[in-house]
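In the two complexes below, chain A is the common chain; its partner is chain B in one and chain C in the other.
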Partner chain A sequence: MKVAIPQDSLARALGIVSRAVPSRSPLPVVSNVLLTTDDHRLKLVATNLEIALTVWIGAQVSEEGTITVPARLFSEFVSQLKGDQPVQITLPPRSRQLNVHCGRDEANIGGMPADDFPVVPEVTDGQRLVLPARGLRRAIEEVVFAAARDDSRPVLTGVHVQVADGVAELAGADGFRLAVHRLRLPAPSAEGSPEPFSVNIPWSTLDHLGRLLSESGDVQMAVNGERTRALFRLDDIELVTQLIPGTFPNYQQLIPTTYATRARVSVEEFLHETKIAAIFARDGSGIVRLHVTPGEGGGPGSLQVSARADEVGDNRGEIDAAVDGEPSKIAFNSRYLIDVLSVLEPGELALETSGPSNPGVLRPLGHDDYVHVVMPMFVQW
Partner chain B sequence: MPIQRLPPEVSRQIAAGEVVERPASVAKELVENSLDAGARRVTVEMQRGGAERLRVVDDGCGIPEGELELAFARHATSKLSTIEDLARVATLGFRGEALAAIAAAAEVRCSSRPAEQLAAAWIRIAGGELLGRGREGKPHGTDIGMTRLFHAQPARRKFLRSAGAEAAAVAGVVTRLALSRPDVRFTLTSDGRLLLRTDGSGELRDVCRALYGSAADHLLPVEFEAPGVRVTGLVSPPGTWRGSRGAMTVFVNGRWVSSRAPLFAIERAYQDGLPTGQHPLAVLDVRLAPEEVDVNVHPAKTDVRFRDERVVLSALTAAAHSAISRSAPVPAAGALLSGGAQTFEGDDAAPLRLVSPPWAPRLPLEEPAVPQLPADARSPGEAAAPPASAGPPPARSANGAGDAPVAGPALPPLRIVGQVGATYIVAEGPEGMFLIDQHAAHERVLYERFCARPEGEDLQPLLVPQVCQLSPGASAALVADRRVLETVGVQADPLDGGAWLVRAVPAPLVKRDLSQLLSELGALAAEEPDLPRRRDRSLMTAACHASVRAGMSLSLDEMREIVLALESCRQPRTCPHGRPTVVHVPATALEREFRRR
Partner chain C sequence: MPQTILHADLDAFFASVEQLDRPELRGKPVVVGGPPERRGVVAAASYEARRFGVRSAMPMARALRLCPEALRVPPRFDRYAELSHRVMAIFRSITPLVEPLSLDEAYLGVTAEVEAHGGPERLARSLKERVQRETGLVVSVGVGANKSVAKIASDRGKPDGLVVVPAGKEAEFLHDLPVRDLWGIGPRSEELLHRAGVETIGDLARLPAEAATRLLGSRGAELRDMANGVDPRPVVTSRERKSVGAETTFPRDLPDGPELRAELRQLAEEVATRLRHEGKLGYTVTLKLRYHDFRTVTRQQTLARPVDAGDEVERVAAALLDGLGTAGARFRLVGVTCSRLVERGAWQPDLWGAVADPFADGPGRTAPAQAAEGQRPQD
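Coming up: the complex of A and B.
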């Protein structure tokens, strides 16, 4: 193998694929990155056996070849090289020593044969669809945090993606809260709109994908026929992931459709007050109490955010709220409030409640594409 | 072979003893009879723990009408007739005592129909007296119902435990028999509620699924042979653990073995990979030549004796070990993306970590990739022992937080330095270094909080109620007595098949393994008769589940929170179980170690 590549694109590609490299693996070859010449490009692949990341970069290929080298070492070395010279990569025939040469720096890196590297499976014969990168990034941000991290209910560690009628609906839930984002798909192309389907994608996969997405452009998604794997393609990057089998709970019925009290507040102010209250709610249960009071005589109403902890003390903070309905009180785990308030875009939201023991609903105002449902805590008022 | 009375020279050779002690022993004898009769389907129904009523219905060969009465005579059996037979018993029963003993202790109605008989014949016996007989229409097989165990022997009835405890014991018996016979369809109900149903598919894994839920899908097959022994069954891969040995079952020649030595032998196969207090799931059957086993030691017959126990124990270790190591790494190239989840390299490795965490090692048989502090790495010399200035740990008490004032000195204010082995918090105090066991410390904090928790406070309901799969025994115990759940503050309701629907948990238990918690609470409900003690132990169990585990790397903030809370505990120096939470290494000891003085 003999290849010359610009240092910056090699460094960037290594930065991307090494995110898939597990810190520890039973399979030593998996801590390596696979390098393969592919026409006039160099293909880099890394996997943690749950997802596989592939990046192609333009290169001057004068001799074909393939090898795997330790990802961390190679990536650190390349990132330190000066950017003004191309990186020359040479693998002599039948050798396992990769020679890396750039300007006046040179290194020999011991590799392992490419045959030992797991084969990245194809994702064919299933559904395909195109998603807008920017919208997908926001959807991921607003939904992934709500997916379960512990695997007592494996299906909930996935984000449910349901595609139908020109909309991809992403839903994450962990048993205590639910986040749903409706992502409008670009107008169908000549192939017609995609067939409806739904899959559960591991939250960690989407978390990775979210970091790869840019502000513009499209992402192509494909799911195989058996619905066991999905592929995401962004320009020169491919991410293949395992899907989580199982039936996601029917969450539509969990979203309350009515409310007794609706308070419109500023997202930033609500977040700020909740963070202050959380300091006083650190006794393990993290209880934050909310009191909504309608305005009198045409004045604005208020949302009071308070917390108290035995032996620590208590606090109260108040923000303006446009209140519709009765006065109300409800308590939440501060963590859950902070999680959702931190991902919402600046602006206004509506907090809808129907008594202290029924789920609370948060809806950002101005876009009807997101809803968050969270279970209150039962407390002694 | 027809039922006959055993000749005296044979019956004398058989270990005598009481076979009927409690409903579970009746269930065992009746179900074993069904299995000996070639049943493919066995249904067990109990009322109030089986003491009120216990019924076993099977589709086996039945008892011919002419032998029905004889079956209830002492030493009447169809399973052996000579002393030579005794050495090669292949059936589960052979003493011909069980039915006689049951009929002496309770009221029994037995209705049975061999396939070739046109109608079923029934008899009723109580206290050994024949009360009536007749015929009735029935599908072939045997239907034996026992009512009011020991109703005429109040002295013995006194020894029966709560309905929950007895139901759990019956469920344990049926569970083990179901595990030993995956080819038979078992159904078990308690007070009309279904506790267990197996499908008789012949696959052990299917029985395990009915018992242990989806954990069954991860179990590794065991196939092991050494001269004279064969071990088959399923064991869990490293990482799939339970908090008790309740999901470990060993059979020898199809007979359950109650002794614990075989369980330790299995655990040895996991070596250091087994976290303390955790146990694998295992269902293993050891096959030996019948001559190697002496089943004839005690009528309850769970105390199987081997000619050479070491052979059995080392076979169990080797069998489990080979299954685990075979499953270990190297997925075939094509099996990509089906492997277990790996942890990603964190973007922000906590800078303060002194030693990398020994993640619950997935592959205990391999060297860990990162050097870790050996468990017993302590500084040499006096510094190793809790020094005198730390004060003696307070005496272990049954109701810790409820106790009057703090035992042992309070903790000084501590500054967090870092974490060792993802298990201990290193802190600095006015007089040197403090090592804090993060789990024990958190457990203390939460235990005191649980004890002080007002009823109904900080309850976190679930948006989607969660289904937890329990063993039939644990489930039966909880059905019979839900007080342990109320104590802890878990709101849950039983479903069929040993499952429970959890609706709300106290905040500290959010996102914990609720199935395991409920299983342990169920075990407590069955085992602990003393109410205040049971209450206390359930709070300890809840605190243990809610606390951070050893092996979890913590952020500086998380460590600070635990230590701050520990400082304000009433008994900060020990965990609720009485183990120390803090070890103090005085500055003077450090100076001495470094020869500065």
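Coming up: the complex of A and C.
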């Protein structure tokens, strides 16, 4: 193998695939990155066996070849090389030592045969669809944080993606909150709109994918016929992931359709006051108390955000709120509020509540594509 | 440095509380428990009733046959918890090292307090007097160099007992006592020991270690040590409670039936009372059953919403028992435990809690019944 590649594109590609490399693995070859010449390109592959990332970069290929080398070592070395020089990669025939040469720097890296590297499965025989990159990125950001991190209910560690009627609905939920984003799909092509389907994608896969998505362009998604794997294809990147088996619970029934109190507030102000209250809530099970008070005589109402911890202290902060309905109080875990408020776009949101023991609902105003449901904490007021 | 441990045990606690609150019951045989027509069992019997042979965990119908003039009162666990709280507070004013075993019983680590009180006997006497003066209840006290000796000592003195076993005199105190007085020796173990010619604690103490293990299984060595007055278990206090449980060993093996169910109800109520007493709620209810042959099984269920009410705990425990397939089986012990505890004051309810079985089609959160097969200590 003999290849020359611009340093910056090699460093970028290694940066991308390295995210799939597990920090520890029972299978040593998995901590390596697979390098393969592919026509006029170099293909880089890394996998943690749950997801596999593949990146192609343009290269000057003088001799075909393939090898795996330790991902971390190779990536760190390449990232330190000078950007104005091409990186020469040479693997002599029947050798396992990869020679890397750039300007006046040179290294020999011991590798393992490409045959030992896990085969990235094909995803061919199922559904296909096209997703807008920017919209998908936002949907992932607004949903992934709500998926369960512990696997006591394995299906909840996935984000449920349901495709039907020109919409991909993404839903993430743990035991205490639910985030649902409806992503409108581009107008169907000549082939017609995709068949409805639903899958559970590991939250970590979507987290990886979200970081790869740009502000424009499309993402192609494919699911195999058995619904065990999915593929995402960006320009020169492919991500293949295992899917989580099982039926995602029916979450529609968790979304309240009525409310007793609705308060319209600024997302930024609400987040700011919640962060302040969280400082005091730290010693008191993370409880943040909200009091919504309707305005009197045409004046604005208010949302008071407070916290207290025995023997530590307490705080109160207040922001304007346009209130519809009766005065209300409700308590939330500060982390759950901060999680959702941090991912909403600047603007206004509506907080809808139906008493201190029923789920609260947050809806950004101006987008009917997102809803967040969070279970309040039971506290003694 | 030798330890001094005090075991304090309220005499006929539930029954005494009833006699305290209702003067007309004083001096009379009182039994606390559910009505015989609902197959109630005796939760407590006053000493007047015990003279007729009435004992705890006995079917109420039998108790009333033994002692027809007995006055039966339904249990009021909240009231018992309240008085228990006051008694424990008195204990804690004497030493911070208090390990409650149940509502009416605790170990006190008093090694550092003995001298200031003028010796173990004076300390024990002042404790008894304070409990009597401040609550009207009578407590029996045993003092010894370790838990096992202190507990046996308080038992020997009942009622209104005060027994101090001087350091170094443990063997002398224990050796002539019947072996069943030893903590951990039930009727079944007693029978096995009797058959092997072991009648007294002294006999067990003199048994070769292998013989003790052969007779009593894995607990053999520990029990033999205790028989020799050796018990290294420390007084454990202020641990963050991970669970609250109660169990009863029956005087004779019981089939699944009204008596067992009544006992289950009582245990559930006791556990729930203690949860409320500690300001906790529990998500998981565990049922423990020991079969006549010492095989022990546990079954547990985790709920969507934590509970602290007796009927809720009972309902779950009873459903677990229903799921066990108990036909033909006989049980020697039943226990109920609540775990995964949260503070009553502030807990995070589950979003799915309000929804009927949202995981019906998918993997569940917790297997509704997890089995744990116990060892047979006799094998």
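Operating definition for what follows: the second predicted complex is superposed on the first by the 380 of 381 C-alpha atoms of A that agree within 3 Å, B and C clash if a C-alpha of one lies under 4 Å from a C-alpha of the other, contacts with A are read in each partner's own complex, and residues count from 1 in each chain.
Methods note: a residue touches a chain if its C-beta (ideal position, glycine included) is under 8 Å from a C-beta of that chain, and two chains touch if they have at least 3 such contacts.
Because the structure is a prediction, the values reported are computed rather than measured.
Trainee: Clash or fit: what happens to chain B and chain C when chain A is overlaid?
Mentor: On the shared chain A, the partners clash.
Trainee: In the superposed arrangement, which partner chain does A:240 touch: chain B (first), chain C (second), both, or neither?
Mentor: A:240: touches chain B, not chain C.
Trainee: After lining up the shared chain so the two structures overlap, which partner does A:19 touch, if you call chain B first and chain C second: first, second, both or neither?
Mentor: Only chain B; A:19 stays clear of chain C.
Trainee: Check the residue A:148 against both partner chains and state whether it touches chain B (first), chain C (second), both, or neither.
Mentor: first
Trainee: Comparing chain B against chain C, which has contacts with more of the residues in chain A?
Mentor: Ranking chain B and chain C by residues of chain A touched puts B first.
Trainee: Tell me the contact category for A:258 with respect to chain B and chain C: first, second, both or neither.
Mentor: neither
Trainee: Which of the two partners, first being chain B and second being chain C, lies in contact with A:357: first, second, both, or neither?
Mentor: Touch status of A:357: both partners.
Trainee: Is A:249 touching the first partner chain B, the second partner chain C, both, or neither of them?
Mentor: A:249 sits against chain B and chain C alike.
Trainee: Applying the stated clash rule to the superposed structures, which of 94-102, 148-156 or 220-228 from chain C runs into chain B?
Mentor: 94-102
Trainee: Under the contact rule defined above, give the chain A residues that sit at the interface with chain B and also at the interface with chain C.
Mentor: Common to the two interfaces on chain A: residues 152-154, 173, 175-178, 249, 254, 284-285, 287, 333, 357, 359, 373-380.
Trainee: Please give the residue numbers of chain A that touch chain C in the complex, ascending.
Mentor: 152-155, 173, 175-178, 246-250, 253-254, 284-285, 287, 331, 333, 357, 359, 373-380
Trainee: Can you tell me which positions in chain C touch chain A when the two form their complex?
Mentor: Where chain C meets chain A, its residues are 343-355, 358-359, 361-366.
Trainee: Chain B touches which residues of chain A in the complex?
Mentor: Within the complex, chain A touches chain B at residues 18-27, 30, 47-52, 115-121, 148-150, 152-154, 173-178, 204, 229, 240-242, 249, 251, 254, 282-287, 311, 333, 357, 359, 373-380.
Trainee: Tell me, which parts of chain B touch chain A in their complex?
Mentor: Residues in contact with chain A: 214, 328-331, 333-346, 359, 362-363, 366, 369-370, 445-446, 449, 454, 456-464, 466, 504, 506-508, 510-515, 561, 565, 568.
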